[in-house]
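What follows are several structures.
Next come two complexes, and both contain subunit A; in the first it sits with subunit B, in the second with subunit C.
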Partner chain A sequence: MAAAADEASRPFAGLSDVSISEDIPVEGDISVPVGPSTRRRNDDEFSTLDEPVRETILRDLRAVGKKFIHVLYPKRSSALLRDWDLWGPLLLCVTLALLLQGGAADSDYQGGPQFAEVFVIVWFGSIIITLNSKLLGGTISFFQSLCVLGYCIMPLTAAMAVCRIVLVAGSGTVSFAVRLVVVTASFGWSTFASTAFLADSQPANRKALVVYPVFLFYFVIGWMVLTFSPSQ
Partner chain B sequence: MASTNDPFQFQEFEEAGNLLEANRDATTISIEDDEIKPEKQRRAAAFSPDGEDEDPLASDDKTELLSGQQKSVPFWTFEYYQRLFDIETHHVKERIIGSMLPWPGKNFIHLYLRRNPDLYGPFWICTTLVFAIAISGNLANFLVHLGKPNYKYTPEFQKVTIAATAIFSYAWFVPLALWGFLLWRNNKIMNLVSYSFMEIVCVYGYSLAIYIPAVVLWILPYEWLRWCTIVVALCLSGSVLVMTFWPAVKDDHPKIIIAIMSAIVLLNVLLAVGCKAYFFSKPEQALPADISAATDVTKAPSPT
Partner chain C sequence: MSAGSGNRNTNTEPWGSFDDNLVQGGGSAVIDMENMDDTSGSSFEDMGEMHQRMKEEEEVTEEAAATEDDNAEDGEFLGMKGLKGQLGRQVADEVWQAGKRQASRAFNLYANIDILRPYFDVEPVQVRSRLMESMIPVRMINFPQKIAGELYGPLMLVFTLVAILLHGMKTSDTVIREGTLMGTAIGTCFGYWLGVSSFIYFLAYLVNAQITMMQMLSLLGYGLFGHCVVLFVTYNIHFHFLFYVLWLLCGGLSTLRMVAALLSRTVGQTPRLLLCGTLSVLHMLFLLYLHFAYHKIVEGLLDSLEGPNMAPMQRVARDVPELTLNASMRSLGPLLRAQ
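Now for the complex of A and B:
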């Protein structure tokens, strides 16, 4: 009876050995911080409405510049892939198309590519290569791939600028040889840079299938750069 | 007690091949590739039948494979097109080589496609051919007129559009017409062999692969060389096409057979000769320099 009274006086005694051991401290703060402090912190981090326009533009330009440097020293980094943007490719495409103008300008027979043709080749070419890569089972996203392909046109645009400077000096065999060397080197650089970024996203037995269209793309752009002949 | 058949010893592949041939009547090609095995375990449902030949567990893979292939996906989904790109590098290489070296009795579709037609080969071969024709034509024109004082080099970039139209319409509309025709004949004559549209597109696309080296050879301005290469390329690609479509029409009326085969060959010839005539001007010998330069730069002989 003493035992029964004991049991009655401690009705939840059986719970005492339910497994909260005493040497693990259970502590914490279950109050959710509500109030203007959190909201202001979030606004400071993400709102860009209050900053001056110059800072907005400079931030984007800095991002674009950083990616240019990544293309100059291509190593397998994910920075280019993570924060993709299409400003750089647009800038490069417009520059390349403008530099390809003004050649062989007979009034009715323009031999070189028109401005729109360069645009179509660059953008549709990049879209088709991206689609090809995704259909082959690539893990890279659509815009990331467009971004990489667009940024890797930079060596060819630089080669185009060099070619125009060389053509000012003269357009004989020597200048052609110099231009050939420059364009070949930059074509190789473009292909190497873009495959350094894109190669990881494909399984090993399909890498060549993805690299070949990129090779063809930069080859065609290189051909357009090399065959630019100035008006005389 | 120890059997001579040590279970840890490597089993020869012939046993698996014999097992398979007991199951199916198909001829097997052994494709040695180490990468097929892990690929197969990962994606057995959608994998091409080429890899089945080496797998001793073929029955499991086969049921999965058959069930995977019978599930038909509508053509407006991305997955439909992904299935058309389900090939690997060595498959593409084999198919290209197979399209260049026809072997009597070996059907391209049965041997290489094996119910797994792809769109990668036809599309990129056509694109490469378009740019090869445009660039080679440009280079050939430049070499023909090299040294002439009045010649002004132009890149002739507009020819890319024309080349693209010609090649892509050959590679798409001729298979469409052929497929429609074979379908119509199939209704009249019960045929054991029938090809799907994608398989016909695939054959036509790969049969254009021989023209890429031929077009590059046309840069050299020698007429005899150009005609030799065009005849060789026509023979090879024409015979691949004829041997592929022979089983599909051989049960038919003789006149229909002749009509179909000659149409296939004739269209092939038209494409090759038309491209040669339009993009590659003849090296002209005894004409005055300024007249030839002016006429060659501005003349645009239309093939129609």
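Now for the complex of A and C:
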């Protein structure tokens, strides 16, 4: 048995020999590029592993902000489509839902839009529009379309903020008129902007069919914004 | 040693060998070393640890082997273990397969979107003309009428109906317990569209009418155009008279159109009566239901009935005085009113 144990250790005998012996000096180029920042400037593909977190977040936020500008000034650029992200839509959706939340604060009245309702309308609505555009033969990818539709809620979110401010001032006929104008304008803006981005990917003769669900989608959201009234 | 002990313990059953390898350190150690990942075992500490573990394992095995040698039911015992291992592997395999199948199905759902594409192959002009035609009954019942099997128009009409219904619910301050307005609206509209289509299709199948499921979905979907128009008008303009006129006019026309299309594709008096009667009753009553279930005036009426001067309990059997429950209610009534 003792002999067997000795034998068993043999597989590892070779391993112990691997250890570096003293007589052979270690050779080779082991210098690490110490100043990666200087070299990185030249390369296009750079590593984001060793940059501060703040920089990463700021870069992403800047990208989101750039896309906001694209929505506000919808010239037919492909930046919104090329590098899509879902951070902006999430941000807008949550903001809109939070702004709409106050109406349903009291438990007795259920007519106000709830947080989950807004969330579901926005996401499922965009998914359905996207599927519809795919079915109609659009050449846009699934998440590109989601990104565009999500970013184009921004005018309506802005209108919601304006509505809350107007509602603080008072809720008479004048206030309703102001809200109506603001919401209508932002609804038109949203529809126009999303069509500008999405229409190019569709066959020319079917644009109307793609625009209709988009119109309905923003109309429902706009109508929710317009009919919002905070609880007393 | 490894060969010796391995031989000793290897039993005759072919499925025992897997367990043998696991239990025995001597035989398996070499194999493990060969199969080991280069990256995982690169550091010497790991090697040392591994070595030690192997040694311990071997000792245990040897002891076990020594005792098992004397054991009479040695092979049987190991056989049991092998069976267990195989069973476990089989279960794990099945679970893995099921998971893979589900994942691939979810993926295929997106890939299979192409299956639906023919039903969305329409032009705006076609949709417009079909919307118009949905309100124009054709008096041709000798020859089967043409019904386009298309889903874009019906789907959009159902979504429009959902939006209109949502609007009606919001303006009527409908309160829905255990659910959201959105879910109720979607459930009602899609439930009606899919449910009634399948039901009528089933009936049509029974009476041997010539219609496919797609045609039925398309027919009923375009039939909802009248509903959309009527509800959109009457949720905003609250005249009962106007509603009844529109109900008969728009709802009636779209129903007539569907009935005419079905008539032309059915043979025989009783089947026609059964099919068309069911469809028209369901379609007209659905419009009535949608209007009155979520309407402002009705809600207002209920509000005035349930005014503050009424007792909060409305459904107590007041006409049966000998009920003890009622007596207790009567005594409670003033109390509640006092509050």
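Structure notes:
The working rule: the second predicted complex is superposed on the first by the 184 of 232 C-alpha atoms of A that agree within 3 Å, B and C clash if a C-alpha of one lies under 4 Å from a C-alpha of the other, contacts with A are read in each partner's own complex, and residues count from 1 in each chain.
Everything that follows uses one rule, which is that contacts are C-beta pairs under 8 Å (C-beta built on N, C-alpha and C of every residue); 3 or more make two chains touch, one makes a residue touch a chain.
Predicted model, so just to flag it, every value in this text is computed and none were measured.
Contacts of A:Ser47 after superposition on the shared chain: neither subunit B nor subunit C is touched. Touch criterion met: A:Phe228 reaches subunit B, while subunit C stays clear of it.
In the overlay built on the shared chain, the residue A:Thr173 is in contact with neither subunit B nor subunit C.
Counting residues of subunit A touched by each partner, subunit B versus subunit C, the larger count belongs to C. Once the two complexes are overlaid on the shared chain, A:Ala204 sits against subunit B while remaining clear of subunit C. When both complexes are aligned on chain A by C-alpha atoms, subunit A residues 109, 111, 114, 117, 132, 135-137, 205-206, 208-209, 212-213, 216, 219-220, 223, 227 touch subunit B in the first and subunit C in the second.
The touching residues of subunit A, when paired with subunit B in their complex, are 104, 109, 111-114, 117, 132, 135-137, 203-209, 212-213, 216, 219-220, 223-224, 227-229, 232. Of all residues in subunit B, only 33, 35, 39, 78, 81-82, 84-85, 87-90, 92, 120, 124, 127-128, 131, 135, 138, 152-157, 297-298 touch subunit A in the complex they form.
Within the complex formed with subunit A, the subunit C residues making contact are 1-2, 4-5, 25-26, 29-30, 33, 44, 47, 51, 54-55, 58-59, 62, 110, 113, 116-117, 119-124, 127, 152, 155-156, 159-160, 163, 166-167, 169-170, 173-176, 180-182. Touching subunit C in their complex are the following residues of subunit A: 1, 3-5, 7-9, 11-12, 15, 19, 109-111, 114, 116-117, 120-121, 128, 131-132, 134-137, 142, 205-206, 208-209, 212-213, 216, 219-220, 223, 227.
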